[in-house]
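The first chain written gets the first letter, and so on, giving A, B, C, D, E and F; residue counts start at 1 in each chain.
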Amino acid sequence: MDKKKGIYIGRFSPFHNGHLESIKNILTQVDEVIIVVGSAQLCYQIQNPFTAGERITMIKLALEEEKIDKSRYMIVPVPDVDAHHKWVSQIIAYVPRFDVVYSNGSLVKYLFKQRGISVNEIPFFKRESLSATNIRNKILKRADWRTLVPENVYKFIEEIDGVNRIRELNKTDEE
Amino acid sequence: MDKKKGIYIGRFSPFHNGHLESIKNILTQVDEVIIVVGSAQLCYQIQNPFTAGERITMIKLALEEEKIDKSRYMIVPVPDVDAHHKWVSQIIAYVPRFDVVYSNGSLVKYLFKQRGISVNEIPFFKRESLSATNIRNKILKRADWRTLVPENVYKFIEEIDGVNRIRELNKTDEE
Amino acid sequence: MDKKKGIYIGRFSPFHNGHLESIKNILTQVDEVIIVVGSAQLCYQIQNPFTAGERITMIKLALEEEKIDKSRYMIVPVPDVDAHHKWVSQIIAYVPRFDVVYSNGSLVKYLFKQRGISVNEIPFFKRESLSATNIRNKILKRADWRTLVPENVYKFIEEIDGVNRIRELNKTDEE
Amino acid sequence: MDKKKGIYIGRFSPFHNGHLESIKNILTQVDEVIIVVGSAQLCYQIQNPFTAGERITMIKLALEEEKIDKSRYMIVPVPDVDAHHKWVSQIIAYVPRFDVVYSNGSLVKYLFKQRGISVNEIPFFKRESLSATNIRNKILKRADWRTLVPENVYKFIEEIDGVNRIRELNKTDEE
Amino acid sequence: MDKKKGIYIGRFSPFHNGHLESIKNILTQVDEVIIVVGSAQLCYQIQNPFTAGERITMIKLALEEEKIDKSRYMIVPVPDVDAHHKWVSQIIAYVPRFDVVYSNGSLVKYLFKQRGISVNEIPFFKRESLSATNIRNKILKRADWRTLVPENVYKFIEEIDGVNRIRELNKTDEE
Amino acid sequence: MDKKKGIYIGRFSPFHNGHLESIKNILTQVDEVIIVVGSAQLCYQIQNPFTAGERITMIKLALEEEKIDKSRYMIVPVPDVDAHHKWVSQIIAYVPRFDVVYSNGSLVKYLFKQRGISVNEIPFFKRESLSATNIRNKILKRADWRTLVPENVYKFIEEIDGVNRIRELNKTDEE
């Protein structure tokens, strides 16, 4: 029998504990999850400070830390298209065949449903603290953010001097 | 100690036994290989009949068939850029950190070396028969091509009716 | 003697009674009007919820409802260019030959005049209520908007479930 | 009851008697035909010498010459996308809703069928002489081409000095 | 011995006395300066009202007015890329070889340093008044701005009716 | 009285003695020449092996070698556009105001004339040997090419190891 496969779409800027909980939740519903690193071309912006390669690394390190079975997930970067009507086709072309989409984004849900593809919501997990925006803000304010991301993600961001990067990009934003 | 990582760049249209031998060879030299599916945006063309998602699937199925340790490889699609001078930066942004590039392509080698990045050649394996062009031609001529690709790749191409697709795309080319 | 032709440029998101009045007004001045659906690539955004195809349909239905002579207008979608200096050339290439431009937009007027092409203003018709922004806002607030658009446009938006679309896209905007 | 609508896709470089026959044929099968001027951005090339606006004009003039009911057709230019997997979505977004596609192009047929959309072939009409390539070649060789296109198209190409344009573009090709 | 060369990157919308002071300062440190007109594709926007050609002309006129030795500078327009990771490669490809970058922009500094290229800051000169934003605002308010730019730049902006252009573009912004 | 200015458009891959003769010839007809480095984005291709920055450097070195007055020329790189109808607007936006275009290219001449801009031809100088294609071929065949380019251009190409680059790019072409 064919395996059931889902895709989970995010920007992961950075990958945090809420994303991890979502993936664990999705893995209770499907055999395999394809984690789509959206807006793959964006980087070095205050809202998207990390490259696709760095975001892939964060996800890989976090899932290894959790000892999640490597045969149950894939990570695929997908760049944006220049107009929303091409976006579902872009996803379909870049990722292996899937049965269902997991997302809480209204536009994502709207576009896939319109194309006749199943979309499931994912329960939010500590939504106020566990958002990428909140974490980037905490980094900027030098507030504690270590507990909000998997330990491996914390170490990786330290290793690539990501905190300093976010602060420099924020200055740019203010210029 | 940090793991040594290499990237192996191809278009994999389709993935064949020569690609598989190269990956095995690379894995004798590095701890991990990142397999870059280049020209990811191309598909439904006679020279690039398969989508990035389909090419990722072929590679995944072939490496599972060979029982290669999943912690030793990743597959990352990367779309082309509109000018060669941006290409190395594109690769660096889309894939996790790497130490060395494996390629036999002259332009690939030239561009990475110019950027100061190590490039290793890979011994060719039965080059005359094991080329994607040759395999697409055999498919067009209804000649035997099953032995030239991993069995899982053969089955996948059958499953998605890839033979018919290549024949239809070839008509387009002649129009 | 050659017919006098004008172009009328808008985004028509959605097409409303103010647009209709403008077209009637323009048709008192020229033999034929080419209605340019600008930013044709945009869709599924809160400010541009409808595809070019849907906007073309709205205009067609509205002009049929008014029984305007079909030999006196054409509808042509034109996508944006990535820099303003190419925009007049884009319009000239996409539409049949024309003599005069009808627009109230300052940039549109500036760019065409600079190129030596005549631009005429159009008297506004109930400008406060008859703006696409106002209509989208009324839809969001479930206020009455039916009287602001031609009856055929109202029915078409209902038929494609456009009200729900605008509400979903608005959520995205708030995310 | 809803009208049946078809789309007919071509590049029309230039519009000739074969295209005209196809449109008449299609109009025996559907209530309305949407004529899609494909590769709308291309122009001033030896294979695509005319702008989208000029191609729209040719089609309009030809159908007026034939006195075809204006309520039974629309003409819509659509620019290319940068990858084939986005092309069907591009067409769907740019044109009003349609039921069936008319085309003899293998790729067009393949892509629409794969998306689950009906595609009908159109009987060719004097295929050897009635091809845009043949007509452009005749123009280059100063051979007779007037009989191959509707009289209005011939006059329009003369009016915009199209013969000279094709000859100049051909020189460029040889440079 | 090889000459020391620096690049100085700006948008110069418009070129003002602060830019001029920076160039003089840089010329005390290097033999030649390459002045990069960034975002070269932008124009006819309220924040970038002038074309690259107009911005080049302003710089040329200002440096001629100051009688700066023509063998000590070049002016090179460079268009933006669609993602920050490609930007340093874009600059390197568009300009002659250089040794050091002069910039006060945080992102510019970050991206070049990350690539291992030296970046020097430039002392600001009357920063509050000498900013392009301030000068465009003064033009809008019909306040005195003549003393903030080189006399040749003032005359050139008058000659191309730039004041009126900025006012027209500002209306667009408010529409 | 205003100076008369001309633009001279080429790709300069590489800059050779024929280009130099053309510039000298143009300078007998105008006060200033703006040398447009076309297709500025292309590089590392067998037909366009050099970056825009390298091509600018070649022209600068060659004109310095000839001791041509620096106040009589400028060098401006201009990237291609994606459709010919935008190209004249692209040139106009990227370069300072000019009165006349110098070119022998049929398409260039056609597009500028159509826009109402004067175009002058330039007498060819030893056309068979002095073409960039011929020079790249001589480099590939290790035939003598030193005498076909200004001495400074020869030295610069040697300095950047351009001969090896052209040979490597040629292999790519054959792969």
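The definition used in the following text is that a contact is a pair of C-beta atoms (placed from the backbone, for glycine too) under 8 Å apart; a residue touches a chain by one contact, two chains touch by 3 or more.
From a predicted model like this one, the values you see are computed outputs, not experimental measurements.
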{"item": "Set of chains adjacent to chain A and to chain C", "value": "D, E"}
{"item": "Length of the shortest touching-chain route, chain C through to chain F", "value": "1"}
{"item": "Matching chain pair for A-C (criterion: over half of the contact pairs shared, by residue number), options C-F, C-E or E-F", "value": "C-E"}
{"item": "Copies chain F and chain B - interface residue numbers shared by over half, same or different", "value": "different"}
{"item": "Distance from chain B to chain A - Cα centre to Cα centre, in angstrom", "value": "26"}
{"item": "Inter-chain centre distance, chain A versus chain D - centres from mean C-alpha coordinates, in Å", "value": "44"}
{"item": "Cα-centroid distance, chain A relative to chain E, in whole angstrom", "value": "38"}
{"item": "Sites on chain F at which at least two other chains make contact", "value": "41, 43, 51, 83, 85, 92-93"}
{"item": "Which pairs of chains touch, using the document's own definition", "value": "A-B, A-C, A-D, A-E, B-D, B-E, B-F, C-D, C-E, C-F, D-F, E-F"}
{"item": "Of all residues in chain E, those that touch chain F in their complex", "value": "40-41, 43, 51-54, 56-57, 60, 64, 70-71, 74-79, 92-97"}
{"item": "Chain D residues within the chain A interface of the complex", "value": "81, 83, 85-86, 88-90, 92-93"}
{"item": "For the chain E and chain C complex, residues of the former touching the latter", "value": "41-45, 51, 165, 168-169, 171-172, 175"}
{"item": "Residue ranges of chain F in contact with chain D within the complex", "value": "82-85, 105-107, 109-111"}
